[in-house]
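Structure, as structure tokens:
So that you can tell them apart, the chains are marked A, B, C, D, E and F in the order they are listed, and the count of residues begins at 1 in each.
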């Protein structure tokens, strides 16, 4: 009776794609307009998928308010309404959505234990999504 | 030439999350406002994923009208426009979306044989989804 | 420099369409499956449109946190996670989405004064919307 | 035979809501987290509505490629992938979505003449929209 | 107590934008790839808005099953799963979405009388919408 | 540090579901209204999922402009604004969405090498999706 539960969250942030160790030409060539000096931003949509057995007493995989409070405190409270490049977590790390999804997966892996974390999916725009499953194959 | 086919359906129902074997305090603590005495409701979105080889003559995995008629008769005809707690299927079972998805998976497994049932996904709101794959890993 | 501002909210509730003053046959004929005895439910999406001049100092029509707190307290806190038929506001009133939209418009008209209330739009499902503009032509 | 035509565009940008003429306390009080020093961003969705008679020969209100090229050059080419506060257009103007919608309306009014500009609608997030109709009542 | 009610429908059709009275060069110049000889297609989304007073007994503006049966018989049954250019209604008429919306408005005006027809909105793609209000200003 | 990247594209096309080797009765029975002689059409939404390690220097799985240019040239440039039955690729092949998804997967497998192609998902309507993963289990 293993079930998968996905919950969606939204937050807004800005970023500039730029690697200080590359030349201006390389940065402009790799990142295009995403390398514009003052940055730009997105409404990120975050999907967190966890799995577990359905508890016969509650009928639930886990308490969603627990997941909500971890995501609110550790993810939205840290990345929401921020310029990612200015955060200590992105010192020396290019704030691509791949790297943001990876950080979010690592944080949830460490902080949320009420069910098994399967996957983090981050929509940057309606055209781009990034998924991370801890290096395992995606489920 | 194995392909996966997903079809979406919509139905409206209401439920109250409540376990008679637990105290009022436990129910209120576990389910919060979802434990409100008269219940509330949702527009459920159901995604059914089946798989199979593409038939070289028809170019199709299976006849969708067959899937439609099973879902219409066995799922929407049973759960649509109903208060789940009042249905015999939920006697002694808390009508969480996990348990509803599980019942839907079991019904389709028994009644639909034109292709392999892979997965049932039930959106309760735009923020919550529940998936069930018969106990196997999700595909 | 008059601008229009629309903000969206979501809440879940259940209802049974039934008028006690009509016969069972009339109720069944008028409301169909929406007359099922135990009710069913929806994820309602509420859009509130207000208008006003853009304040040259703040660049805003009005403070959205003010609108949010009125909607949270007076609308979502009253109708969310409830069975509409069981509420005193619907005693003797059939809880159709037309009547729900009308009540919401009247409440906001009385309680929100930071900008001009133009319109309330209530989505019952992805197929049905109801709008109310206080009897005036819709803008 | 007057018809209304709406076309949608998307662009990403960042902004910080801040008025230099107000104190830090006032800014923080008015704009909340939107006043965070390094800004944040959005995927803006822009809807442009124009009207006109349907040309009996072409069956169209106007040539959409003309609207597309004006929007591409004058709107997306100017605001897309930018930090709005760093643009000359927002010198001394708080880059709220009200003010951004107003600027977009004014630009289109001056640059697009193939049909009558009715309305500009700017979605900042899935929860907030701003509309501007040149000071006239909204249609 | 005047309310506005909007109902959405979906149908698929194909068309080729081409005016026989214009030269090949003119057709290609006006319609671009939409002039490709064998046509292409869309999932059209149709929104019908009607208005009226809320009936104090039923709590409804009108019986939606009546609107549904007119739309099903007169619109989806005629245009759905068809190549618009091959229909008699489009003999000598370019099947643009403007002209399709106009035909739909006229049909509903003649066939649906349970409430006042306000507006027809036809989404051709997620980027293009066409609205028609019988020549009156849009509401 | 393996990540999955999904990018969405949209194109419009038309098709008639018909197999010349079957009788008219068989075609009508199998395909229903999709067998209508002149065809009908859809706004197809294409999701391409690729995987790879996050490049520590760029923070990206691969250069999206490379994927965009392959999809633009090989998929949208070939199938967009076309009647699929009239294309040489569908000579003797019924242009179902299963077969279209299969052709798209094969083209991308041959032409795109900047990351590992995992999956192609093709939405025909908001109710139907088709996925193909090269015969492997879906991820």
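Of note:
As a convention for this text, a contact is a pair of C-beta atoms (placed from the backbone, for glycine too) under 8 Å apart; a residue touches a chain by one contact, two chains touch by 3 or more.
Fair warning: this is a prediction, and the values are worked out from it, not measured in the lab.
Chain centres here are C-alpha means, and the one lying farthest from chain C is F. If each chain is reduced to the centroid of its CA atoms, chain B and chain F end up 28 Å from each other. Residue numbers of chain F whose C-beta contacts span two or more other chains: 126, 139.
Viewed as a network of touching protein chains, the structure does not reduce to a path, ring, star or complete graph.
Contact annotation for chain pairs lists A-B, A-D, A-F, B-C, B-F, C-D, C-E, D-E, E-F, with touch applied as defined.
In the complex of the two chains, the chain F residues touching chain B come out as 17, 19, 21-22, 30, 32, 93-96, 98-99, 101-102, 126-133, 135, 137-139.
The touching residues of chain F, counted against chain E in their complex, run 10, 12-15, 33-34, 36, 38-43, 80-83, 85-86, 125-126.
For chain B in complex with chain F, the residues that touch the partner chain are 1-9, 51, 54, 57-61, 63-65, 118, 139.
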